[in-house]
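So that you can tell them apart, the chains are marked A, B, C, D, E and F in the order they are listed, and the count of residues begins at 1 in each.
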Amino acid sequence: MTPIFFLFAFLLSTINSHVAARDFCVADLRSVETSVGYPCKLPNTVTVDDFIFSNFTVGTPNQFNFSVTLAIVDNFPALNGLGFSMARIELEEGAIVPMHTHADATEVVVAGSGPGKYTTGFISSDNMVYIKTLVEGDIMVIPKGLLHFGFNAGEGKASGMAVFSSEKPSTQLLNVALFGNTLDSTIVEKTTFLDAEQVKKLKALFKGSG
Amino acid sequence: MTPIFFLFAFLLSTINSHVAARDFCVADLRSVETSVGYPCKLPNTVTVDDFIFSNFTVGTPNQFNFSVTLAIVDNFPALNGLGFSMARIELEEGAIVPMHTHADATEVVVAGSGPGKYTTGFISSDNMVYIKTLVEGDIMVIPKGLLHFGFNAGEGKASGMAVFSSEKPSTQLLNVALFGNTLDSTIVEKTTFLDAEQVKKLKALFKGSG
Amino acid sequence: MTPIFFLFAFLLSTINSHVAARDFCVADLRSVETSVGYPCKLPNTVTVDDFIFSNFTVGTPNQFNFSVTLAIVDNFPALNGLGFSMARIELEEGAIVPMHTHADATEVVVAGSGPGKYTTGFISSDNMVYIKTLVEGDIMVIPKGLLHFGFNAGEGKASGMAVFSSEKPSTQLLNVALFGNTLDSTIVEKTTFLDAEQVKKLKALFKGSG
Amino acid sequence: MTPIFFLFAFLLSTINSHVAARDFCVADLRSVETSVGYPCKLPNTVTVDDFIFSNFTVGTPNQFNFSVTLAIVDNFPALNGLGFSMARIELEEGAIVPMHTHADATEVVVAGSGPGKYTTGFISSDNMVYIKTLVEGDIMVIPKGLLHFGFNAGEGKASGMAVFSSEKPSTQLLNVALFGNTLDSTIVEKTTFLDAEQVKKLKALFKGSG
Amino acid sequence: MTPIFFLFAFLLSTINSHVAARDFCVADLRSVETSVGYPCKLPNTVTVDDFIFSNFTVGTPNQFNFSVTLAIVDNFPALNGLGFSMARIELEEGAIVPMHTHADATEVVVAGSGPGKYTTGFISSDNMVYIKTLVEGDIMVIPKGLLHFGFNAGEGKASGMAVFSSEKPSTQLLNVALFGNTLDSTIVEKTTFLDAEQVKKLKALFKGSG
Amino acid sequence: MTPIFFLFAFLLSTINSHVAARDFCVADLRSVETSVGYPCKLPNTVTVDDFIFSNFTVGTPNQFNFSVTLAIVDNFPALNGLGFSMARIELEEGAIVPMHTHADATEVVVAGSGPGKYTTGFISSDNMVYIKTLVEGDIMVIPKGLLHFGFNAGEGKASGMAVFSSEKPSTQLLNVALFGNTLDSTIVEKTTFLDAEQVKKLKALFKGSG
C-alpha cells in the first residue's frame, strides 16, 4: 500500500502545497492592511486555536447601561476576508444605545432572552422611520450607513447578538462626532441648526473643545 | 418655514426618489434569481416588517437529536445581497451532526449555553484535522467547502448559533450524497473504495437506489 | 473582396452578436433593480444619445443658497454598473451645506472657480476632524458613510463638482432624519441628549410630527 | 428506517429547497442581461444536458486561414456567472490573426499540437512588445484590453485553445473598427496619422463608407 | 461628567481603535501593489492633507495641442480602492486626441466651457460608431477597452474633465503601440494590412525600430 | 520629429509610469498572500517569460492510472488575480478519479481525444446525480464545492483539460480526508455511519492513525 501512500503524498504536494492559504486566510495582524483586509498568516503556522475566539460573553455595562463585546478581525483574525463580524450586547434596564451609524456595515440584530425588551429603529435616507420592539426570537436588519438607535423598553435586562456585514465595522456616535472633538462650535451650529447654548452644553458634556 | 419644508421635499425628490433601493434591496422572492441574488422589492412596498424575522427559536429535534432553524434569504428577504445568513442550533444529549460540506459558505459557530458540550471539527484540503470542544462564549470558524461534523460531547443539551458567509448556504450531507440517490453502487464502490456490502447496507439505510 | 466582407460578417456574428451588452449595460429603468443595478437595455435599442447626459449645469439655488445638479443612474442610465456618479454644485455667498452622510458612497469634491471659497469637512469614526478651505484646483476626498458638511467661506459664489463612488448615492440629512419625520420626540431626546425644547423647536422647523 | 428517510426529506426541504440555484446559476438566455450576467434558469428545469457543451471542435477556416469555435455563455449557459469562457483555435499554414483587442478580457492561449508554430504577441500600455513562438505545452497570458495578434510561423497546421477571463468576451478587430464602418475618413486620417490613400484603400477592402 | 468621557474613551478604544483603516485606506505608495491596489498608510500617520490633491489645473499643451492633468492613485493616494480617477483636459483650437484605448477603464467626459467644441467618439466591438460634438453641460460615456478619439471641432479652446472607472487607468495610443516600439515591420504589415511604405513612414514618425 | 518623440516620452511618463502594474499583476511568489492573491512583481522586472508556462503536457500516471498537470498561480504567476487556472488530465484505461471536492472552485472539463471515454459526474446539494460519458468535443461544468468523480469508461486512454474558477484551486479527496489523517476512528464511524471494520480497513489503506 505504500505506493498509494506515496501517491497521495505526491498528489497533496502538487495539488495542495499552499492550499491552506486558499481554504482560509487568517489575518497576520502585524502586517499592514489593504483595502480588502490583512495578508494571510503563513498556513504552516496556523493551528486550530486560530479558528477559535473565546470569551464572547457579556461585558461590563457602560454609562449607558449596556455592554458590547466585539468579535472582529482585529481580535479574531480568522474572520479576515469573510466580510462579517459579530457583537454580543446586553442592555440593563433603562439602557440607551445613542443615535449612531456604521459606515458601510449593515447590522443584523438577533434578540436574545429578556425579560427586558430591546427596541431598535433606523431612519432611511428617504426619511422613513423603521422601529420595532424585539422579543426573543426576533431578528432585525438595519441597513448600512443609516442613523439608528436602541433602548431597553422593558423591565429587567435585554440581551442580543449583532452580525455586521463587515469584518471590521466602524461606529460613528452622533454626539461624539458633533460635540466630542475640536469641531468649531459655530460650524456645528450653522450645519446642524442647533442653538449655541445647546451646542455649548453638549460640548461640555462630551468634552469637546472649539 | 414652509419654504424649507418645500426645499427638503425638493431635495428628497431629486436626491432620494429611488434611494431606498440603494439603502437596501429586500428580495422579491417571486422574481427569478441572478447569480448575485434576487431583484429588489419595490421600495414603496417595503415596511418595517420586511426587516423583521420572527421565531428564530429552537426547533424540534430530528432523528440525530439536533434541531436547526434557518434564517436565510428565502425566508428572510432582507438578507438579500448581504452575503450572510444565520442558523439556531440545539443539540440534545448524544446528538450527532453528520459529516457534510457547505459549498462556498464558511460557517462560524457561536457556542451557546450548555450544560452539553458542542464538539465540532473540520478537515482542511491539506488534510489537517481541526477539532475543538466548545464551551459557552467560544466561536469557531469552519472554512468554506470543507468536510466538517459535530456532536454533543457532554451531558444535557448544547446550543449554538451559526453564521454562514452566504445568504443562501447549501448543505451536502456526505451519506445522503453517496447513498441516498440513484448513483450506481459500482460507481460508489470504485470512487470511494468502500466494500460492496458496506455500500449496500448504507444504500438501504439512506433509501438510495442503483 | 466580397469574401472578406463575408468573413467579417461571419466573425462578427459568431464573436460579437450580443457583445454590445458586454461593452456596456445601459440601464433599462423600467425594469426592477437588483442589488447591483438595473438590467441592460437591449443592445439593438441603444443609440449614441444613451451615452449622453445634457444640462449638467448649475441649477437654481435652494433655501441654503446652494444648488445641486445630479447625474446618477436614474437620470443617466449609461452609468449603470459603473459604480460612480457626479454632481455639479454651486454655492452662493453664505451658502451652507448641512451636516449629512452618504451611506456607502465616498464623495470626491473638485473645487471650481471662485471667488467664493468652498470649505468642507468630515469627521472620521475615530472622531478626528478633517476640514479644509478649498481653492480652484483642489480636490478633497470624503470617505463613505461619515458625517460631513460644507459652506461658502468667501465672498461671491463658489462652485465645484462631486464624484460619488456609487451610481446611485443616497443622502441622509441629519436634521431631516432627526426632526423631519414621525420619530417620537422622547426617543430623539434620549438618543441624542438634546433638550426637549431644542427638539421641539427643530421638529417645528423641519415639519416633523411625534 | 423510514424515520431517517423522513428526516432527510425534512432536512432537504428546509435546508435545500432552493439550493440548486446557489450550487449553480444556469443562464436563462430568454431573459434580459444584467451587468453581471443572466438570471438563472429555474433549478427544477435544469438537467445534466445544461452542463454539457458539445461540438467544441475545430471549425471551418476563415479567409485568414484560421478557425475559432467559441464556448461562451450565449451558447453554453452553464458558464453564467463563472467569469470565463473558452475558444478552440486552429491556424492553417500561413494563417494570420489580425491585430485586435478584447475589452476587459484577459486571454490565456494554450498551444496544441503542431507541426505549425503559433506565434502570438501583445503590446503593453507602457509600449513594450511581448512576443513568443509557442510550441505544444506552452501557455501564454495576454493581459486584458491590449492590442495583440498571432500567426502561424511554421509549416502545417497549428492548434490551440484559449480561455478568456469573461464569460462573454468581446473582440475589436483593429481594421474593422477603423475601416469597416461609417467613421469619416478625415477623422480616421487625423486620429491615426495614416495617409488619405491608405485609408481609402482599406476602407474599400473592409467595405467601410464615409 | 468624566465618567462619560471615559466611557467614550473606552468605547472608541474597543470599537474604533483601527477603524480609520476601514473608513479609508490611503495608499502607501512605497509599498508594493496588489491586483486590488496598494496597502494602506498607517491610520495614525494620515492627516487632512492626505485627502487633498492640489493643482488639478490646466497643464501645458502637448504637440497635439491638448493638455491632460491626471489625479490618479499614484499622485493622489486617497483614491486607493475607490475604483475611479480623474483628469482635467484642455484642447487648444485644432487639438487632436489620437485614437487610443483604456484597458479596463470606462471614461466619462464632462464637457466644460468653450468656445471650442469637444468632439469625441468611440467604436463598439460590434462595430458601431458613436460620435458626438459636446457642448458645455454635456457628459459622454465611453465604454471600457474600446477605441476612441477626440478633437476640437470649434474655434477657440475647449475644456473638459474626465472620470475613469479605475483609480489607475492605462492608455494605449494606437500609433505608439503600432509604430513606436520594436515590433517588426513585417508583423505590423501583415496584422494590420497597412502598406510597407505607410508602416515605414510612421515608424520613422513615432521613432519605432524593427 | 524629435518633439513628438519627447511628447510621447512625456505622455508615457505621466500617464503610464506605473501602468504595467494595472495591465497585469504577475504574482511575486516570495511575498505573502492576501485573501485576493499575491502582491505584484515590480513591472520593470517582468519579461515575456513571465507570461509563458511551459510543459503543460501529460504527466506520469499515478496509482489510479491518471495524470494531472497543473498550471496554477503557484507555478504560473501570470494567473495572479485572473480567477482561473488549468489542468491537463490523462486517464489510462481503467483509470479512476476518486470522489472529491474543490472548495470554492467550479471545474470545467474539456474532453480531449480518446479512444477512451471520460465519464464524470457530480451530486448537487439537493441530491440529484448528474453524470455523463464525454466524447471529444464535449465540455462539462461541475459546480463548485460539490462531490464529483470520474473514470475512464472506454478502451484505451482518455484525455482532457480542466479549467477551474480559482487561480489556486484546492482539492479534498474524500478517502484521504476521512481515512488518511489523525481523525479518531470513533468520530469517523458516528459521523459517517460506516462500520468500524470498514473504517479500520481504509485507515490502514490510507495510512491514517487514530
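Going forward, a contact is a pair of C-beta atoms (placed from the backbone, for glycine too) under 8 Å apart; a residue touches a chain by one contact, two chains touch by 3 or more.
In UniProt terms, the chains line up like this: A, B, C, D, E, F = Germin-like protein.
Everything numeric here is computed off the predicted structure, so don't read it as measured data.
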Approximate Å spacing (C-alpha centroids) for the pair chain A (Germin-like protein), chain C (Germin-like protein): 27
Whole-Å gap separating chain A (Germin-like protein) and chain D (Germin-like protein), where each centre is the average of the chain's CA atoms: 43
Inter-centroid spacing, chain C (Germin-like protein) versus chain B (Germin-like protein) (mean Cα positions, whole Å): 36
Sites on chain D (Germin-like protein) at which at least two other chains make contact: 12, 16-17, 19, 22-23, 34, 36, 103-104, 125-128, 131, 143-146, 170-171, 176, 180, 205
Arrangement of touching chains [line / ring / star / complete / other]: other
Interchain contacts, given as pairs of chains that touch: A-B, A-C, A-E, A-F, B-C, B-D, B-F, C-D, C-E, D-E, D-F, E-F
Complex contact set, residues of chain E (Germin-like protein) against chain F (Germin-like protein): 32-36, 62-64, 68, 70, 74, 103-104, 166, 168-171, 173, 176, 180, 204-207
Touching residues on chain E (Germin-like protein), where the partner in the complex is chain C (Germin-like protein): 12, 16-17, 19-20, 23-24, 43, 48, 51-57, 71, 76, 78-79, 82-84, 86, 106, 108, 110, 124-128, 130-132, 134, 136-146, 161, 163, 165
Chain A (Germin-like protein) to chain C (Germin-like protein) touching residues, read off their complex: 96-99, 101-104, 121, 123, 125-129, 131, 143-147, 149, 151, 170-172, 174-178, 180-183, 187, 190-195, 198, 201-202, 205
Parts of chain D (Germin-like protein) lying in touch with chain B (Germin-like protein), wherever the complex brings them together: 1, 3-5, 7-8, 10-12, 14-19, 21-23, 25, 28, 31, 34, 36-40, 42, 80-81
